[in-house]
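Dropping the structures in below, format is structure tokens.
Both of the next two complexes hold chain A, though its partner changes from chain B to chain C.
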Partner chain A sequence: MSDSGRIGQVLALDGPLLDQLREAKAFKTTQNWNLFRTPSTLFRQETAELGYDIEDVNDQKTTLKRLIVGEKMSGKSVHLLQAMSMAYLNKWMVINVPDCQEYVLNQSAYAPLRKKNEADEQVYVQPQLTSDLLTRFAYSNSNLLSKLTPIHNHSDLPKGRNVKTLHDLAMIGAQESSMATRIWDAVWKELTTKSQDGKTARPPILIAIDGINFWMGMTKYHSADYKPIHAHQFKLIKQLLTQVFNTTPNSLPNGGIVLACTTKSNHPSYPSFDLLVNQIRALNQGTQRLDPGFPLWDPYLKEADQRVYDLLNTARNTQLVELKGLSKPESKGLLEYFALSGMLREAVTDNTVAEKWTLSGGGVVGEMCKLGARARTSMFATGPREGVRMRA
Partner chain B sequence: MPSPSCLLRPVRQAAFRPRPQVLKRKLALIAQTQTRLASNVSGNDQKFTPAPPGEEPKGPNEGVSHSMHVTEEQAAYDKIQGDTPPDIDGQGTPVQEVLQRDGVSEDKIPQVMKDDMQPPGSGQKRSYSTSARRLAHTDMAQSQISENGMVVGMEYPDAGPGHKFPLPDVSSVSRLDHLKRRYDPVVEQVTKSIMRDGKLSLAQKNMSTILSILRTAPPPQLNPAFPGRTLLLSDSASASTSTPQPPNQNPFSPVPTPPDAPPTHLPRSTLPLHPIEYLTTTIDSIAPLVKIRQQKGLAGGGASLPIPVPLGIRQRRRQAIQWILAAADARKEVKLAERVAKTLVEIAEGRSPVWERRGMVHRLGVSARSNVRSGRGGMRRR
Partner chain C sequence: MEIRAAPEIDFERTRMDAPARILPASPSYFTGAPMFTDDLLELESLVNEYGRVPQVDPDKAPRMAWLRLSQYRASSGERVRASKYAQILRLLTRLNRIHPQLRPEAVSDTLLRYQRPGAAKIQQATPGTIDAYGRSKGVGRRKESSARVFLVEGNGEVLINGRSLIDAFPRIHDRESALWPLKVTSRIDKYNVFALANGGGVTGQAESITLGLAKALLVQEPALKPILRRAGCVTRDPRRVERKKPGRLKARKKPTWVKR
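Moving on, here comes the complex of A and B:
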């Protein structure tokens, strides 16, 4: 799986893995899965690195945090899909948030939580979205969950429920959105308990979040005073963001990887988040916060989002993964796949590979897939109103 | 030259019109000339009564009483000037004639003149044919093609028949290189038929989805219940799969090439791999060859007479597309692209009622074929 020799190959996803990915909503309708019989994905350099990360976590049970950025159609969502596939094959738990936008649009129910202290910030919950998350979690990880029993005694759950396995526990929240928030807290507590042997063994977790830039600003929700609510005031969002940005060495006690990727299509513009990405890049390269070259807020812009700005305090351990264009061998592998499947009706030579690499803006995967699948008309197609007269 | 004081006067007084005194002087001059002319004519003294001196000179027709007819006046002028007009053209001898006559040596003659000079006895070689039409086959019969392909016996052997200069090489330029014709003609026609409210990019997205669905559809099978419902494909075993046979590319060939022929070379099983050819073949197969025009009152008793009218390629395709879209709207799928694509697949497999519509038009055209001449312009024969 982490074999660098596979770089440039297109590998198929089949078997029970497909069902798991489908239940986790890993496939998107805007991707070109419907052109092929079996979904397949290109093994890239970044895929090999993911494989190395998974092996490290398997050995040492560390927690790795990655923020994946890149231009439009550079393969960020498919990178998450590849990570999920590897996690399922390694018998990990996978928590997937396929679309962060639905958490901020005010299209789902929300309710305030009772504040412990008056001075605290008001926190909100989203029961239906939590329930959807539990549905994806329960169905895609059902094989593993049905073999694990709960360790804790969850007293706040109503009695009379037959909860023998973690799968039963998660399904309660999946089926009833009113209990979803409490069930999610219970499930999370179970998963983050340090693992023991046997039935209480807890596997590593992969958390995959797609479109995290939607969570970096104001939502369309309003408070009781009709003031807009910030995304970080939502409990689920805050919890998942804390997993991405935290300085605790083992935030996932049983090990795991937290992957969050941005989206560049139809995305909101949050300058504070752009600054945060630049700052994380600088931190990864070794520049400290007080060094002269460290990116700072432009004082002539509008006020910064303090909550997003404060994420920098805990962003020390988050690695930035920048997805750039494919290399030429990788693009050749991808185009050969398109040619073998009958989509691309021309010979795949170094010349045509270089041509398509250039036309796709330097190997941007999504653009190259579009070029490979393009239905080109024949050179000899003529018709009425032809400009160049080819006959006497 | 107007005096400086004139510049200060208003513009209206700028002197573009001659002053009355100047005009009067001119008129007097004309009158005097006429009297002089009149007095030169012999035997006509008594007809003239020139204006007595001292009186104010009048306009050209005022002072003299013209009792002469215009032709008589003209005759008088001719006599003064001489009966023969001056010979302007015949003043000198052309230079070429002089050179020939004097036998000037050739090196003294300029080159341009040498080129123009023709040996004596040679005249026009061209036939003064007033007929605009020259039959192509007579031209070809007169000329002979030599072994290296050049046409001999013509004035400009480098060029093709009827040309003076060699034609440019258009083999590297295809239709697709023209910006406004960059899409396949059938694809473009279908896309614009789908378009609503001018939203072309949305129509193009739908078209792309249609082609993707055609691509992933199974190869169309013949319908055994209706053997007549076949696509325009050559289903023979010798059809090649590698390269399509292009139409006749020789611009000098007198054989007209059908530019709009459907791609009959593709085998049926590989149609989904060529979604554009799949679309073209389906549309061209379902397209009717004629439309029926109802001519009012000609059938007798007030009834209208059906007259079949042939359709061009674009008209045929348009009719086919309209039928396809109408049949697509009767389907239950939500997305337009899915509806249209599935209708196309149904047509290709011969299961669609659109074939019946086409059959009806053709049957009516066949039965009304004798009406083709009726109602066609001009005088009606009684």
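Moving on, here comes the complex of A and C:
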């Protein structure tokens, strides 16, 4: 899996892995899965690095946090899918948030939590979305969960529920949204308990979040006073963000990887988050916060979001993964796959690969797939000008 | 009244060198600008006489700097209008296209008279150069857009206005037409392109980059000209947006025709 020799190959996903990925909603309709019989994915340099990360976590049970950025169609969501595939094959637990946008659109029920102190900020829960999360979690990890028993005695849950395995526990929340929040807390407590053996073993966890930039500003929800609610006031969002940005050494006691990727399609613009990404990049490169070259906030910016700025305090351990274009050997592998499947009618030579590499803006995967799957009429085969008679 | 005959002509004392009746040197005396008319007629007669002599293409004819309007006016002393002088210039250009090796002396001598003084060293069109960094520049225009394109040997990276190709041109068609000169000559991976386009819209900018890129490529490799010409990259597309006319709703669209 971490074999660098596989870079440039297109590997198929099949068997029970496909069912797991489908249940976790890893596939998106905007991707080109429907062009092929078996879903396949290109093994890139970044995939090999993911493999090394997974091996590290398997050995040392560390927690790795990654923020994945890149331009539009550079393969961020598919990177998450590859991570999920590797996690399932390694018998990890996978928690997937396929679309962060639905958490902020005010299209799902929400309710305030009772405040412990008056001065605290009001926190909200989203029962239906939590239930959806538990559904994905329960069904996609059902094999593992049905072999594990709960360690803790969850006294706040109503009696009379036959909870023998973690799968049963998760399914209660999946089926009843009213109990989803409490069940999620219970499941999270179970998963983050240090592993024992046998039926109480706890595998590492992969948390995959797609579109995290939607969580970096105001939502469309309103409070009781009809004031907009910030995304960080939602319990589930805050919990998952804390997993991406935190400096505690073992935030996932049994090890794991937290992957969050941004989305560039139909995305809101949050300058504070752009600044955060630049700051994380600087931190990764070794620039400290007090060094002269460190990116600072613009004091004249009206859209300054203090909550997003504060994420920098705990962003020290978050690595930025920038997905750029493919290399030429990787593009050749991808185009050969398209040619073998019959979609690409040209010969795949170094010349044509280089052409498509440039035309896709330097090897951006999504654009290259579009070029590989393009249906050409005879006019386009020769070119837009040759078929048109120019004026003498 | 007595009618007498004229006295006898004394040929010894009568001067024969002066005409009995003063006639103008040329019938153009009776026009508004005699010297200009004479020049025009002379050039026209040369064109008529030597029009069948083989010509060269306009861009192969020797580059000549003709007299400016002010200089011509000074030489003829007449206040010739610019539009009239343009007729002379047209005839001069036509005569200049006669193949230099087959050109009659009469034509060569006449053309020399109209050559601008001080331009004895004929101004050659300065071909584009490749600078110390290996960059060549080409400028292209289409509709309201213009583009400056810098071409340097590389591996196929493209930057348009500082952004990547897919950022600048979301449409595949625009991307292909912008890089058409390189695609047609199979040199996409041999050069890096840096283009600055402004004005107009997306497709106009893409097409202006086509022309600019072709020119820059011709500086690097002049032998590619026939290939690029056949691919349609060398001609500046002269089409512009047609103006709206009175009595019509748009340039061509007319109001609904009513029978009565």
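What we mean here is this: the second predicted complex is superposed on the first by the 377 of 392 C-alpha atoms of A that agree within 3 Å, B and C clash if a C-alpha of one lies under 4 Å from a C-alpha of the other, contacts with A are read in each partner's own complex, and residues count from 1 in each chain.
Heads up, the rule we're going with is that a contact is a pair of C-beta atoms (placed from the backbone, for glycine too) under 8 Å apart; a residue touches a chain by one contact, two chains touch by 3 or more.
Nothing here was measured: the structure is a model prediction, and the numbers come from that model.
Asks: Figure out whether A:342 sits in contact with chain B (first) or chain C (second), or with both, or with neither.
Replies: A:342: touches chain B, not chain C.
Asks: Applying the touch criterion given at the start, work out whether A:375 contacts chain B, chain C, both or neither, answering first, second, both or neither.
Replies: first
Asks: Answer with first, second, both or neither: which of chain B and chain C does A:121 touch in the superposed model?
Replies: Neither partner.
Asks: Looking at A:367, would you say it contacts chain B, chain C, both, or neither? Reply first, second, both or neither.
Replies: Second partner only.
Asks: Go through the superposed model and pick first if A:34 touches only chain B, second if only chain C, both, or neither.
Replies: After superposing on A, A:34 lies in contact with chain B but is clear of chain C.
Asks: Which partner does A:71 reach: the first (chain B), the second (chain C), both, or neither?
Replies: The answer is second: A:71 touches chain C but not chain B.
Asks: For chain A, which residues belong to both interfaces, chain B and chain C?
Replies: 383-386, 388, 390-391.
Asks: Write out the stretch or stretches of chain A touching chain B in their complex.
Replies: For chain A paired with chain B, touching residues are 34-35, 342-343, 345, 373, 375-392.
Asks: Which positions of chain B touch chain A when the two form their complex?
Replies: Chain B residues touching chain A: 170, 173-176, 178, 180-181, 183-187, 208, 211-212, 215-216, 244, 246-254, 256-257, 259-260, 263, 273-277, 312-314.
Asks: Within their complex, state which residues of chain A touch chain C.
Replies: Those residues of chain A that touch chain C are 71-73, 350-351, 354-355, 357-362, 364, 367, 370-371, 374, 383-386, 388, 390-391.
Asks: Flag every residue of chain C that touches chain A in the complex, lowest number first.
Replies: Counting only chain C, the residues touching chain A are 155-158, 164-167, 172-173, 175-177, 179-180, 183-184, 186, 188-189, 230-233, 235, 238.
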